[in-house]
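Labels run A, B, C, D, E and F following the written order; every chain starts at residue 1.
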Amino acid sequence: MIALLRRDLMLAFRAGGGFGLGLAFFLIVTVLVPFSVGPQSELLSTIAPGVLWLGALLACLLSLDRLLALDFEDGTLDLLATAPLPLEAALSVKALSHWLTTGLPLVLAAPVLGLMLNLAPSGFMWLIASLALGTPALSVIGTFGAALTVGIKRGGLLMSLLVLPLYVPTLIFGAEAARRGAMGLDPGTPLTLLAGITLGTIALMPFASAAVLRMTLR
Amino acid sequence: MTLSIQNLAVARGGVPVLGNVSFAIAPGQALILRGPNGAGKTTLLRTIAGLQKPLSGVIEGADETIAYAGHADGLKAMLSVAENLQFWAQVFGHSDIEAALAAYQLGPLIDRLAGTLSAGQKRRLGLARLMVTGRRVWVLDEPTVSLDADAVAMFAAAVTAHLGAGGMALIATHIDLGLNAQTFDITPYRATADTRSGASDEAFL
Amino acid sequence: MSLWEYANPVKFLGLSARVQPYLWAAAAICVVVGLTWGFFATPDDYRQGSTVKIIYLHVPAALMAINAWFMMLVTSLIWLIRRHHVSALAAKAAAPVGLTMTLIALVTGAIWGQPMWGTWWAWDPRLTSFLILFLFYLGYIALWEAVEDPDTAADLTSVLCLVGSVFAILSRYAVNFWNQGLHQGTSVPVATGGRTVADVFWYPLLISMVGFGLLFLSLVLYRTGTEIRLRRTRALLARSRKDV
Amino acid sequence: MPELGKYATEVMAAYGASLLLLAGLVLLTLRKGRRARAELAKIEAQRRG
Amino acid sequence: MIALLRRDLMLAFRAGGGFGLGLAFFLIVTVLVPFSVGPQSELLSTIAPGVLWLGALLACLLSLDRLLALDFEDGTLDLLATAPLPLEAALSVKALSHWLTTGLPLVLAAPVLGLMLNLAPSGFMWLIASLALGTPALSVIGTFGAALTVGIKRGGLLMSLLVLPLYVPTLIFGAEAARRGAMGLDPGTPLTLLAGITLGTIALMPFASAAVLRMTLR
Amino acid sequence: MTLSIQNLAVARGGVPVLGNVSFAIAPGQALILRGPNGAGKTTLLRTIAGLQKPLSGVIEGADETIAYAGHADGLKAMLSVAENLQFWAQVFGHSDIEAALAAYQLGPLIDRLAGTLSAGQKRRLGLARLMVTGRRVWVLDEPTVSLDADAVAMFAAAVTAHLGAGGMALIATHIDLGLNAQTFDITPYRATADTRSGASDEAFL
């Protein structure tokens, strides 16, 4: 399992910086927002927490695309399924490495992008907290989506379609917490709920993902 | 322990392909699977390796003992030869990759990224992977594709050594490998009406 | 004879062929009576004017949209546990019907919203969770389409339906938390049995709800039969190919 | 025709759209069903004949 | 060439409705916006034109992912490069089929999504006009990006990174036109510029894409 | 017209692989390319097919006359056998796929999606593609991978017929194809210091 984690991280760093790319996408989406909605700073500062959450979510989603697809194409998944490693564990490791290479950098980069969108000063802490709490859930749910669409050519877009509705609760609570934080209100309730979702998905989703993966490999 | 297959029926894409297949492989033995294109060799091997469920029949002695090598090699283009091997060794709880490197003369290529190997070199690396799994049963689907004569000899030597150490091998191939082993032709086992029971679409007939 | 006997596709075809004519007739009668009664023979509401007439489409469609998903959930579970093909195919057959019902509820709701709330669409929890349901239907159907092997497709969509249901409930809760809405609460609480709709509106509404339910049932039975025939064609083709 | 007052367009639109959707669904269902029937009949005839 | 177009369209329809999926993604992004920025309808109506343009752009981008990648993986591109068909023409056809399966549906769906975001009534016509004018440029530029990243594993994210900056001018003029239209101002100038960009890219990009593709295939 | 190669030097990944290769193929002739794994056969064939540039040397008679078949078959999993062939026929301005279907006995598979074929069936379809291109020079990289004996015979017959009609073929392979053709071993042409001129990194030497 540590071997798998190390390999995935190594691949992420080597394969054209797979790990900077989620970040770059986040950056670009955030930069495109002023171009599309116009440059008024009060407007931007109102929508900043939401845009940052949405950008982070999309960056996660895009990098999920090949989380399992590459391993499927070159036969690694077939071999892993016959290896003495429970598939649940392997998929948890995959989700973890996805979070380390995508979610974590997003969390760290968010404050900088917050500056660009005029995020209220009080909002930074809660934005980071909500992202740190929420992005693991995004990775775990995403792994489920990736397992569902493994082996389907052009699966990327289908996966987005399947995964995005599953992201809704996480997004609502996360963005709500960030928004309340930015407005100086108490973000306690949504944060707690967000933490609940994250813990729940981490505990349960790997089983669903492994079950689904066994079906698709068949 | 013997690998034994009894009355196995297998399907691909929901369609029964083979029925009533039975054979056994004892430690130290190899079995060469033959049959024309589309006969169902790949399907049979994937079933035995546990990648798909049989329609019916029994597979004994296959749990956690099989190392499978199919049409794809499971190599990462962006990892070096050594890193690829090491990864699979660790997954299977081993660490020594020297023997495998030596058996397929991969020494000179050790630091090359797997993506820059030629077709035959890639395949050699894929076969070397088998040796680091420590598994007793090798289930191989056309292992010598794009290998040259020297490399086929390396492969034959590796299999012979594996059998000598009490291992087993089940190999589907169209060419002569120069192995001292029995042959099993699957052509007669093509699924017929009476051996087709259990197909997933049976209920619709 | 156990009920599961009818899970044999060919037996199912026979049985459903026998009941279908009655079902279709009953569905047609109820829908036509309910809607014409509602459209032609009910008074206007003192607040909403003639727009109350939309209720005879809106509410039955909304109900059936939810019930269809619930039925898919149950049949998916049956498939996962007992692997009866009819069950999986019924889920597949129900999805487009559910999608259409969702769409009708959304469209009539949107049209109703214009005069009542002054807007086509509001991010009200009820409406929003319907939109999410719509997305789930879309994803579910797309997954069925995308997977080649029918059994694998049935497996995958079943798990999706299961996981999706959990998340749909979560979303419903989340959406409620996120916005207090405009949409009125349910006025037909099934649990208590009381209701706040006046009788004049209630009877045609009831008939129309029954009609939509029967229509759904007929459609699903018919479509399940179609799916079974398609699978049978596929199976026979596969066999005949092998005999070449 | 009942008197629909100032909301005539809305009510008519709602009924029109819904009935259109329902009719479309029923028609598509019937068409697909008929095609499946025909194809199956063809295959079964071939098998027997 | 007609054969290529027909094949691409056929594949788009067969491969799990590759063609509805761009649309579905557009829908989903638009739906997620209120979840992230909050449900206030004036706020939504202010940002609606921009959000719709951004959503259309992202939907285009995601479906680009495998425009050439699939053909590369199974060797079709190698074979096409040796076929008696100029690569420029082949790539133009690819861009056209991408537009037909992604851009066009987006244009048609935009008004419905506009309703959901409370777009001002005066804005609908200009939104559609700007999308109809702008999306062909997105497809053509995207083909260039796809050609650049063909053969790179995990190319999807890298491609987004390369293509998004190229999309900026189109996005600026397109969103500006839609925004002015929604506010009742005259969108003539940005629309003209947008048309200029589209015509220019259609005329010139295929040559760049073909040149790049020849290099990557080498 | 003759295909003639003079003093060709080719590189892969920026590294010179072969130097000073010269040969010619006249109409009606085939040439079998041999060499151990990693010798540079694939690289040479891709260069001749025009998919990459030579470092130096001349290739004559290759413009618009070559049909290339490499390790990948260029098949779409979601298109049927007939649709796949038709597509390639149309790209090359032809329309008749009957002869190709017959030559590789693909008739019974005609309506199957290419994605559901077995490895050997896929390859047969990939080879049938050559016949609908109408091109005179076939450049083939290990064409018989995963073919059974019957299918290899079909391939040999197809090549013989192609040669009989004035076509040419250049085939890299490790196994015996049963073709009546000359063999060209590329082992002696491995790039050496003096044949390496023209490499992309020459400027840094």
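FYI, a contact is a pair of C-beta atoms (placed from the backbone, for glycine too) under 8 Å apart; a residue touches a chain by one contact, two chains touch by 3 or more.
Remember, it's a predicted structure, so these values are computed and weren't measured experimentally.
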item	value
Contacts common to subunit B and subunit D (chain labels)	C
Remotest chain, subunit A as reference, centres from CA atoms	F
Same or different residue numbers at the subunit B/subunit F copy interface, by half rule	same
Averaged-CA centre spacing for the pair subunit F and subunit B, given as whole angstrom	29
Between subunit E and subunit C, distance of the C-alpha-averaged centres to the nearest whole Å	34
Whole-Å gap separating subunit C and subunit F, where each centre is the average of the chain's CA atoms	56
Centre distance in Å when subunit C and subunit D are each reduced to the mean of their C-alpha atoms	15
For subunit E, residues contacting two or more additional chains	15-16, 21, 24, 28, 35, 73, 153
Residues of subunit F touching at least two other chains	71, 77-78, 116
Residues of subunit B that touch subunit C when the two form their complex	13-16, 190-191, 196, 199-205
Interfacial residue positions of subunit F with respect to subunit B in the complex	12-13, 35-38, 42, 71, 116-121, 124, 142, 145-151, 174-175
Residues of subunit C touching subunit E in the complex	110, 119-123, 128, 131-132, 135, 138-139, 142, 145-147, 178-179
Residues on subunit A engaged by subunit B in the complex (per definition of touch)	2-4, 7, 10-11, 14-15, 73-76, 78-85, 217-218
In the complex with subunit A, residue positions of subunit C that touch it	132, 135-136, 138-139, 142-143, 146-147, 152, 155-156, 159-160, 162-164, 167-168, 170-171, 173-175, 177-178
